[in-house]
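A, B, C, D, E and F are the chain letters, set down in written order, and residue numbers restart from 1 in every chain.
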Amino acid sequence: MLLHQSTWQEVEAYLENSRGIIIPIGSTEQHGPNGLLGTDALCPEIIAHEASKASDLLVAPTFNVGIAQHHLAFTGTITLRPSTMLAALLDWIDSLVRHGFDRIYFLNGHGGNVPTIQAAIAESYSDWSLSGEPCPYRLASRNWWELPGMAQVCREVFPIADGSHATASEVAVTYYGYPDSVKSVDMSPKVAPEGNFADAADYRATFPDGRIGSDPSQATPEKGEIITLAARDALISEATRFFQSND
Amino acid sequence: MLLHQSTWQEVEAYLENSRGIIIPIGSTEQHGPNGLLGTDALCPEIIAHEASKASDLLVAPTFNVGIAQHHLAFTGTITLRPSTMLAALLDWIDSLVRHGFDRIYFLNGHGGNVPTIQAAIAESYSDWSLSGEPCPYRLASRNWWELPGMAQVCREVFPIADGSHATASEVAVTYYGYPDSVKSVDMSPKVAPEGNFADAADYRATFPDGRIGSDPSQATPEKGEIITLAARDALISEATRFFQSND
Amino acid sequence: MLLHQSTWQEVEAYLENSRGIIIPIGSTEQHGPNGLLGTDALCPEIIAHEASKASDLLVAPTFNVGIAQHHLAFTGTITLRPSTMLAALLDWIDSLVRHGFDRIYFLNGHGGNVPTIQAAIAESYSDWSLSGEPCPYRLASRNWWELPGMAQVCREVFPIADGSHATASEVAVTYYGYPDSVKSVDMSPKVAPEGNFADAADYRATFPDGRIGSDPSQATPEKGEIITLAARDALISEATRFFQSND
Amino acid sequence: MLLHQSTWQEVEAYLENSRGIIIPIGSTEQHGPNGLLGTDALCPEIIAHEASKASDLLVAPTFNVGIAQHHLAFTGTITLRPSTMLAALLDWIDSLVRHGFDRIYFLNGHGGNVPTIQAAIAESYSDWSLSGEPCPYRLASRNWWELPGMAQVCREVFPIADGSHATASEVAVTYYGYPDSVKSVDMSPKVAPEGNFADAADYRATFPDGRIGSDPSQATPEKGEIITLAARDALISEATRFFQSND
Amino acid sequence: MLLHQSTWQEVEAYLENSRGIIIPIGSTEQHGPNGLLGTDALCPEIIAHEASKASDLLVAPTFNVGIAQHHLAFTGTITLRPSTMLAALLDWIDSLVRHGFDRIYFLNGHGGNVPTIQAAIAESYSDWSLSGEPCPYRLASRNWWELPGMAQVCREVFPIADGSHATASEVAVTYYGYPDSVKSVDMSPKVAPEGNFADAADYRATFPDGRIGSDPSQATPEKGEIITLAARDALISEATRFFQSND
Amino acid sequence: MLLHQSTWQEVEAYLENSRGIIIPIGSTEQHGPNGLLGTDALCPEIIAHEASKASDLLVAPTFNVGIAQHHLAFTGTITLRPSTMLAALLDWIDSLVRHGFDRIYFLNGHGGNVPTIQAAIAESYSDWSLSGEPCPYRLASRNWWELPGMAQVCREVFPIADGSHATASEVAVTYYGYPDSVKSVDMSPKVAPEGNFADAADYRATFPDGRIGSDPSQATPEKGEIITLAARDALISEATRFFQSND
């Protein structure tokens, strides 16, 4: 069930049986020569939407622009400043908590978002912790490629050069979701270099075409399907457990 | 051309011929018994995506949560505080300007967003105005139902009870875009009351099912198509002129 | 009754019979060759002070600097950034609500303030809407030239070239309020051009002497009196109704 | 010369001979049984306006609401939070500096404003100090009763019970400025107690009618004139020196 | 008793007998040729730690970076912007109040911190004053050299050229606390000039080696001991009275 | 070399040979029955100060209060909100960069700080990435127990029940640094439970005495010395490499 394609009365009915919601959260940033700028938002969205079809889990609209300052030397990248993203996450959380959602699960598609999501969770809890009242809700965040079992699935599908940015895995997931957007682009070197980075200029100097450690030319819709469906199942399992937990 | 389904190199190539981009911007909020919570984000997205297919205009990801505080008494509504939305819009603008976009056009789907979008535009210009340097870019915002000619189109398709929230027009556009989400719901009264509102409690007390002045049961995918395609054409025409202007 | 010229005990007594207050709100910005920099703050102040004399309405001090970034290329203009003005308005509102004022009416003298005032109203309501509690107060804003009947009055007094910035009407109101400040200045062209603007540099390039569409050399204290007194009556009527409403 | 009663061209001409401007700054807060809520804003305004008549100094609009949280238990008081006032002061400063004013002098009427004005000055300088570039402007603030010689003048006019809030001196200045607002109110005790305070509830419990240490029933327009004119002369002298300084 | 060298259970036990805590607060900024960059933080820390040994007063960790923008032209200086320091102080206060501390006493070592500390205190009280509820805690701030009797002590120890920045007194206190850090540096002129300053560039131009009005070459650990122990006693006396007060 | 115990001229001289600085950063929060509230700030401070003695590395004052909202149900804990800490870190960074430090290394003592430190680093880089200019400095952060080789050292010293909060290792480091603060406290159970937590109430309910998974009664100054000296050497090695790197 997708929140934005439901009526308010349908969501009200949903809340009679569940208090949990999944928020796909990602980024709009370069993903190398054959990866889509939306990759990091599209992957959790595709996986979560599959889960909403295969279960009765509710999925919110996608938080589609995140922390991408380091990719700004590549055209099309859009970033939030961390302080802005923190404020926006608090507003989303406050809104959902207002309706009675007490388990909010971020399915994240971008490693660079993790610190800011965690900081926002701490900021949200801080108000309760400072007040002395127990916080009535729980917030969780998970990178989709770190869902239980997913590391192994990705390794099996792409035993070499999956990489760490513009990975073969994530490009494949978007190709499964948007087969009309499959791009065939020559890349050189075949496998991109590994390394670290600081700001945007530094990133571009180190990784000229945007990839880190990956050979995303391996990506196909078929391989993407394997990863997507495995992630879907892992998500259903983990989110269901979280929504039912009393911790 | 959709930014998030393009590579950074494709967007770089686009910028050789155009400096403009369209950002669909909306809200996630109740739209009455048969309207989708995502209506205000989906409408500009549907229209802009149609425009991207029928022209060479570039469309950004959708800014999908806006100012919806007054709808929070209806389950599923998500709001940003105006101060948060202002900060987020500045980050989107700063990112796009960084790449050389100097004409940014917000296609808006929610009247409640207008003040905050305008405030953000003024805040963005303020830095330049205070510095004494001329601002090198231009920002514009348009509600899709106020595109040239659209008032008349909507009036022709829905001569009575189009209304002012959960309008027949906007519900029809989403039905055209998502025909699987057409809802058949009994509504009483057939035409919702008109009136004003302040906060969420006040809104719900005045408009019990969420609609204002509308009979959205008139909405069909077919009627939505008429409106969508008319809006698409008006958008292409207006955005093209804006992107080419030297004002 | 003027708040700042009353004692706290007088205001306490006022609150036994009324819960409403009028805040004149404007801007300090260029108003062409013969208009005062304070025009947009002085107009609502003059009108509201007249109303306070002709009725028992309470008038707050004037919020005298607003959103004027687009006028900063003209000397003397002072602006708030929209985010600052939003915060300041919330503090004024919170203070007055604390005393029991539950109807706060902004009489606005500057179109450029409208988005930020509306955003501040939404931000104020947001806290209540997110809390789930009904908001106990109501906020309203009205441009003085849009008070019921005023469009016609201004048209009758200045049938041609009233304009849209540094209007003959607003300059006349200030001349009525401050007859010693009447300025006789040659203007060329007699009627200023119409058009749009973005930041300060753009504004000055398009409107070299600051006026938009107006011939304010028509302004006289006598014509200002007609407009002021009509606005006074319309304000008394509208504010009284708002203060007594239970919506 | 009053900025808000001048045209932009008049202020532009002023800047050819002087780079300085005076900003009256005060508060809107209770001033005991016979003092006006606007006392702290009116005093510097009255003094500065007198100075503008007796010299060629330029005076800005009055910053009329300040830090008055401790007076909120008395009806009619309006406060800014310190963080808001800091932001607003920066915007005023940035606007004036943009036009070439490089000596900005705050004539303050409220002791409670002093920390926030000083913090704002430090924040404004911080940007320059962090950048490594020298700051091209200077900011100064002075309480009107601490202008050179004023302590003695006030002591001569009110040798006993001038007090420290709702002082006889400040009430007298407003009575001189607004003789129609002279209030005759019985006060008991004749001289209010001295003491300290924290928040609003604490203040009201300690000082039931709002005064601290004062007998403002001594105030008359005639005594106010003596103080006002002395302050006017001291202001002209000090501001002139500041505007001409090269420190 | 030092909070950071105690366990939570020890602090819990402390709260059974006292509700007060001392926070040493200072700055990290140049202190001339023989003064330590940490002087303004170390002085209140040394004095407060002495007090914690000679009494049962609880001392918090030191707030060690403050408002030092004007010293940034001297290497090693670290500043907070006033708005940042204000936010940080509120968080410290909120945390301590949460545990039941209702008397929080800042022992300040840097004059430049005073406005921001006072603004933070006003901001903290503002929430209560706006709410209408009485604030249950009290906040106090004292510069250590202004503790009762300290002006005389410093004058006796350094009858000439104690100065106003990089004073002989404060350097002596740090030499007492850190005798291994005594520096022997030639200074010329022997006594630094007096004067005012604005931003960092202005400060450095006026006071080339950082001192104002002082001859800190007079400082010795022995003289520092006299001052430290006198301040210790004055602190114990004043803080004890504050912690026990019911005002 | 400790910045706060050096003069500005000494730091200026340091910058002729090195552009790097170490900032110990921690938290003030409960550390179980025998751990100090300052543990997380004291550990990196102790290690960094040892490194400053054994090398020519420069160490800044300790950032001693961090993100500890989850510990607020234990008396004495002080937290910053993440948004506040982010702002404060930016001010520290901006100050140091102003002087020419272009390698800033945070030696962190608290896992809960990591997201906010990373968010602050991203926020700092964002300004450069959005501007299009390369950022001239580099920021790094390292938890002291994750310095190369430290996991093994801690495991060797405490093969069982080192734990994850109030660890035997960190308590031992503080005992080495402050042998007078060694506490002998009975703990039951001997080894604390493992688990997760959200806000402060949840933490306290799950971990009644504050420890997670640890038996810190094993801590002694002697064991602390082993760990401290190993960490010191690892820090010197890593920081030296970072300060000399050209990445």
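Miscellaneous remarks
Quick note on the criterion: a contact is a pair of C-beta atoms (placed from the backbone, for glycine too) under 8 Å apart; a residue touches a chain by one contact, two chains touch by 3 or more.
What you are looking at is a predicted structure, and each value in this text was computed from that prediction instead of being measured.
Hopping across touching chains, the smallest step count from subunit E to subunit F is 1. For the pairs D-F and A-F, the larger set of C-beta contacts lies at A-F.
Rounded to whole angstrom units, the spacing between the C-alpha centres of subunit B and subunit D is 47. Computed centre separation for the pair subunit C/subunit D is 24 angstrom, with centres defined by C-alpha atoms. Put simply, the C-alpha centre of subunit C and that of subunit F have 54 angstrom between them.
With touch defined as above, residues shared between interfaces to two or more other chains in subunit B number as follows: 72, 79, 81, 83, 87, 95, 98, 129-130, 132. By the contact rule set out at the top, the touching chain pairs are A-B, A-C, A-E, A-F, B-C, B-D, B-F, C-D, C-E, D-E, D-F, E-F. The residues of subunit F lying in touch with subunit B in their complex are 129-132. For subunit F in complex with subunit D, the residues that touch the partner chain are 94-95, 98.
If you check the complex, the residues on subunit B that touch subunit C are 67, 69-70, 72-73, 79, 81-83, 86-87, 112, 114-120, 122-123, 125-126, 128-130, 132-135, 138-139, 196, 198-202, 247. Residues of subunit D touching subunit C in their complex: 2-9, 11-12, 15, 28, 30-38, 41-42, 60-62, 64-65, 68, 72, 74-81, 83-84, 87-88, 90-92, 95-96, 98-100, 178, 181, 183, 185, 210.
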